[in-house]
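See structure below.
Lettered A, B, C, D, E and F in written order, each chain numbered from 1.
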Amino acid sequence: MPFVHIEMVEGRTVEQKRELAKRVTEAVAEITNVPADRVHVFFNDMKKEDYANGGTLVLDK
Amino acid sequence: MPFVHIEMVEGRTVEQKRELAKRVTEAVAEITNVPADRVHVFFNDMKKEDYANGGTLVLDK
Amino acid sequence: MPFVHIEMVEGRTVEQKRELAKRVTEAVAEITNVPADRVHVFFNDMKKEDYANGGTLVLDK
Amino acid sequence: MPFVHIEMVEGRTVEQKRELAKRVTEAVAEITNVPADRVHVFFNDMKKEDYANGGTLVLDK
Amino acid sequence: MPFVHIEMVEGRTVEQKRELAKRVTEAVAEITNVPADRVHVFFNDMKKEDYANGGTLVLDK
Amino acid sequence: MPFVHIEMVEGRTVEQKRELAKRVTEAVAEITNVPADRVHVFFNDMKKEDYANGGTLVLDK
């Protein structure tokens, strides 16, 4: 622990995930005072048919 | 906020998700008294090998 | 299944949850064509120190 | 209820999930004293680009 | 990894959680072939007003 | 979106959450190229009886 889950609509590159994992882990380790290797980061890409805001799917926007 | 996550075994159509997003957002906005555009709905389709009830995968039922 | 998780900042009453459970279950059962007793709804109340938007905790808004 | 979610990096077989569903359901039913058919188990396979430990994606290890 | 989340309506004892953590970790480690110290188990107790089945809160059953 | 969930064993201060929300939002907004006000961060504090590693509750370590 800590465990960080990041949900985004699909379309981010592996390079963006790589950088997010690095930056977020640094911030969490530093602020919560734990070694970086105890920080876990998970990504969850959502399809455009799988996220809605205001009652409308992103697919339809 | 509010944030609504809906998990289902795969097989629902985009049209069903579209309607779910609409109906669920209306209900949540009305009952919790927030504008609809602050309601977020997420869908998560599970494969039949990824959900079990009573110790048996849906795949095997 | 289906399983519906609803996350909100704390402050909703039991009566609001009761009505949400009813309305959301009806919508999900009707649209996905499953009996209502197979629909599960979960609520998660977040404290104002536990949700941030735009980098600012709700507590500080 | 209870509801058990199991997240793993992809690569487990259906046979492993089948056995996990069975063993975990037995343990949960027995220890929490509920009938097995009220225990629900969900699997979530993560791609190697979707999990990082120590700031590094599994993909890059 | 693996990561196991167990959601239950409140009322389980610490001793039951202790035993669940042990039994579930053993099953997951053995079946997925990972060392036990890489298995993480999380519990989430739900209040009776926070879980509904068939459109009715457990509180009202 | 994006949505970031951070799970930690209890004991972090509001000030640490405030700083985490700020730093993580900055990183996510910058790397994924979205305005900060579309980034949502959630914290989930786990009790020491609610997290186990290697089959042992943190409470017992």
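Points to keep in mind about this one:
In the analysis below, contacts are C-beta pairs under 8 Å (C-beta built on N, C-alpha and C of every residue); 3 or more make two chains touch, one makes a residue touch a chain.
Being a predicted model, the structure only gives us computed values, none of them experimental.
Looking at A-F and B-D, the interface holding more C-beta pairs in contact is that of A-F. As for how the two copies chain A and chain B face one another, under half of their interface residue numbers coincide. Chain F has its Cα centroid 22 Å from the Cα centroid of chain D. Centroid to centroid, with C-alpha atoms defining each point, chain A and chain E lie 24 Å apart. The mean-CA centres of chain D and chain E are about 11 angstrom from one another, to the nearest whole unit. Across the assembly, chain F contributes residues 1, 3, 7, 40, 46, 51 that each touch 2 or more other chains.
Listing the residues of chain C that touch chain E in their complex gives 14, 17-18, 21-22, 25-26, 29, 36-45. Within the complex formed with chain C, the residues of chain B that make contact are 1-9, 12, 16, 19-20, 23-24, 27-28, 31-32, 46, 51.
On chain C, the positions that touch chain F within their shared complex are 7, 46, 49-57, 59-60.
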